[in-house]
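Heads up, the next two complexes both have chain A, just with different partners, chain B and then chain C.
This part shows the complex of A and B:
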């Protein structure tokens, strides 16, 4: 965890968006996350890498309390967003999830029209006063999701009729439509072909201007391409966290080194 | 790899390698086994279809005749001295003339008709009542009371023939059986033959079988399903109104909200077990709880509906839970991920996707309830003679009534073979309802089905 301290000293406290201290997650008797401390910066893409089953998704789901929906999951420790404890009894997870958007591994548009997919979040959070407002929000979100040009003529066609890559960008548009401040992405490209992956990666780089983006990926090339910070997990431990360039060129921990050179994975 | 493509042409020339043209013994055996298995499957399906054809065929053959009824067209002189002794055409005073007064009028009319057609017969004119139904007398009386101005005129009536005459036209009654029958003589049948030739006796479609009320044991020709149909209708309203909301709410709670623990496991197992509990058990429960303890009226569709609700709930819960389970979890994640509450995710996304399954399960549950007889036995809906139409919604729920399957059971139990025919006819009506409900289930499924 010394790297952690090192990175903290490298940035000013204002830039810290999410701060986790002593986070532990148990699934029944499985200890999935072991005492993880990490500080995630605003307007930065942070990549979580590590062999599969090491707890990347689990940790990501702690940040918007999606683990609440799993009966056997038990989360302890302190996670703060903008200094506010997200596990505080007064926090409504619904409000939290409006602030922390999530994009899932498999594109999962609602079986509704493209327009309704994007409009749903703003509608339930009361972000639009009238139909015109909502139309604007939808257009802005679809532009953010870099899919507006492809779907502007068929906003009322089903979202499930799009190609995989388009669906994933629609899901990103849906996530940004609620005006979140943090965007969590769990392997958003693992179900996509290389061209669609390229488009989504470009989009992630765009999103960095407004959001704190956390992306789980099993592709080290992807982590190197899109992220500024990288965290390496192994068997539930956060082994190393630092600037992406540093991690890939000069890893401090031998486990990190063997992972990025392909010896564990 | 490259020579693999040459095998077809050089197969025979290469004894060392294995040819794929000639099938070896193992493959032959396996193919034979597969073929055999396919044959078993086809045989099973054919046997099933054959049974179905026999079943439907026999139902149609036995029951179709119930939809036809024999009528006699007879001019009746409405003698004012008999039907309106006070001579003032006041329906209220005329009401004091009972069917006893009217019977001779109809008997005389029959005798007159026989004479007018020039039919030679040894039958005493006073014995003509064997030709027509007792219901015919009431039919004439009702018409007169409704139109007092008819008194004194000769009006042509289409009266119901007696069940023996009807049976004769349907070949259920023969001259042999008539010899042993005290209700009718061979002479009557001769009259019927002649009147039929004249076109006075006709067999035609009988709407009263579908919409009419049940009749007493001795008047099968008059009995219909209508009132029992209403009884079933009001029961189904109760079942639908209670079991759909309760069943869906319970399923949503169990599937989406309840924690996974010992208690919910026990509840789950018990619901599955309830689905297998014999329906008569629900019947005796209904008798004890609704009638004896809560003192609801006996034979009432409300009580029948409550009992059938208990019976239908497990079916609806099981199918609703299956439908909810089949909605991909990714949809729930997506909704929660954009900040929907649990309830919003269920009502906006999960429930609409589960709708086809829920509706299908509900309609199948209702169809089961519609055909259920045993529990009705215990709450007195069998054996009640449903001769009165309910005169409103409240009496539809609370007045004693029967139900379609109970009515069929009742008819099948009665001694007169004319009722046997009506039981089959009733089965046809019940099946039409069941087919219609299944068709609705399929249509709703189509309409609500969406891909994701």
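This part shows the complex of A and C:
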């Protein structure tokens, strides 16, 4: 009754989707992530911010076990998605990555048609029973990626022929085609112009309805615009984690304040 | 926390904005003192100077708003920087109102000069004005020092100003009941006293802004309220 929220930006869900406890990552002798505990909510956009080399991307990559592919990387600690330990020996990383989609800094469509880019994941995961089914999945994913109207007449043109912003939205469509539950984004807009950035940000806000979205960004303003929760990393430590509006108006830790206000910390 | 930005131009912009605010504060202090002095000394020239001087205060407010808008657009301040810009905008509005009240005092002084003197009242008013000017001076000091405790201390002193206003209010009522020919002068004097009392309220609002700028919180404990005339019956 006394709900005076000025906008819908406040977190509406408080179900924990991803729970990390005592996570440490070593690259050879480098201690890249130091004892990080964090609970990431479902149906929420969480932004990871921090200076270069602070470990935010490394931590993001722990969530879908991308660090497995790096020989010198050693990950310890506990990461659970919906209570399930993702580092358990019985978990198939390929299945995990279907559940936890990822979008990278530079748009990286496969050198195939727009249609095949999106259809690839559902095909190898056996999500479509027949051609009509697959068509539906592709259309739904492209609509979710907010790019359907722009490409529906040229689904068989190469994905690499699209503009940068379109390619990135295609990659997002590709990531959501396998019906993931978590979407990880590593600086998804840093190669895009402001208009394409705006479109991707709008898309991220829509994706929040169905997914838990985690975004790494160097743009403080982008973190402020798209996220409801913000985590600030510094030298491998998680310094502060809280509501985005709180972090950007009155951060608790002086290190956070120094970083976000552009002072030398 | 390190206090300088990586971008030194950002620091210079913030400094410039605060320098304008302090200049405005200085002019407002002067206007309060001069307005009270012109009333006590029946000094029409000084009253005229106060009325003219208000234009400079208004112009500074415009300039501050313009600079603050530019700073928001170009530098996108956040956290403590954003609180600072917000507080500068609000404090400049408080100072502008204080300037208006001083100007209004000066206007009434010109009218009062044509009426017989009211013994004692202009002196009491000047004491009250001096107290408010001290409060304004101290609150601006607290701003420069980023001292929320000092700001709250000034805020508490507003109760004394309210007390002085209550005493004057009763005094004027007595004068008017004694002799209806006093009504015109007493009404003007009462508005002048009320103006000063309102200035005190603006000073407390500035104190609140300082507290918010430094701590990010609004002072939550209710301020001591001293002005009881609005809830008291008329008999004295």
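By our rule, the second predicted complex is superposed on the first by the 249 of 265 C-alpha atoms of A that agree within 3 Å, B and C clash if a C-alpha of one lies under 4 Å from a C-alpha of the other, contacts with A are read in each partner's own complex, and residues count from 1 in each chain.
In the analysis below, a contact is a pair of C-beta atoms (placed from the backbone, for glycine too) under 8 Å apart; a residue touches a chain by one contact, two chains touch by 3 or more.
Note that the structure is predicted; figures quoted are calculated from it, not measured.
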Is A:160 touching anything from chain B or chain C once the two structures are fitted on A? First, second, both or neither.
first
First (chain B), second (chain C), both or neither: which does A:250 touch?
second
Contact-wise, after the overlay, does A:260 reach chain B, chain C, both or neither (first, second, both, neither)?
second
Chain A residues touched by each partner, larger count belonging to chain B or chain C:
B
Does the superposition put A:50 against chain B (first), chain C (second), both, or neither?
neither
Contacts for A:111 in the overlay, against chain B (first) and chain C (second): which applies, first, second, both or neither?
first
Of the partners chain B and chain C, which touch A:124 in the superposed model: first, second, both, neither?
first
Could you tell me if A:97 is touching chain B, chain C, both of them or neither one (first, second, both, neither)?
first
Please identify the positions on chain A that touch both chain B and chain C, taking each partner from its own complex.
none
Which residues of chain B touch chain A in their complex?
259-260, 328, 330-341, 344, 348-349, 353, 450-452
Which residues of chain A touch chain C once you look at their complex with the stated criterion?
220-221, 224, 248-251, 254-255, 257-258, 260-265
Sites on chain A touched by chain B in the complex
64, 66, 69, 71, 94-95, 97-98, 101-104, 106, 108-111, 120-121, 124-125, 158, 160, 171, 174-175, 177-178
For chain C, which residues are in contact with chain A within the complex?
1-7, 10, 76-83, 216-217
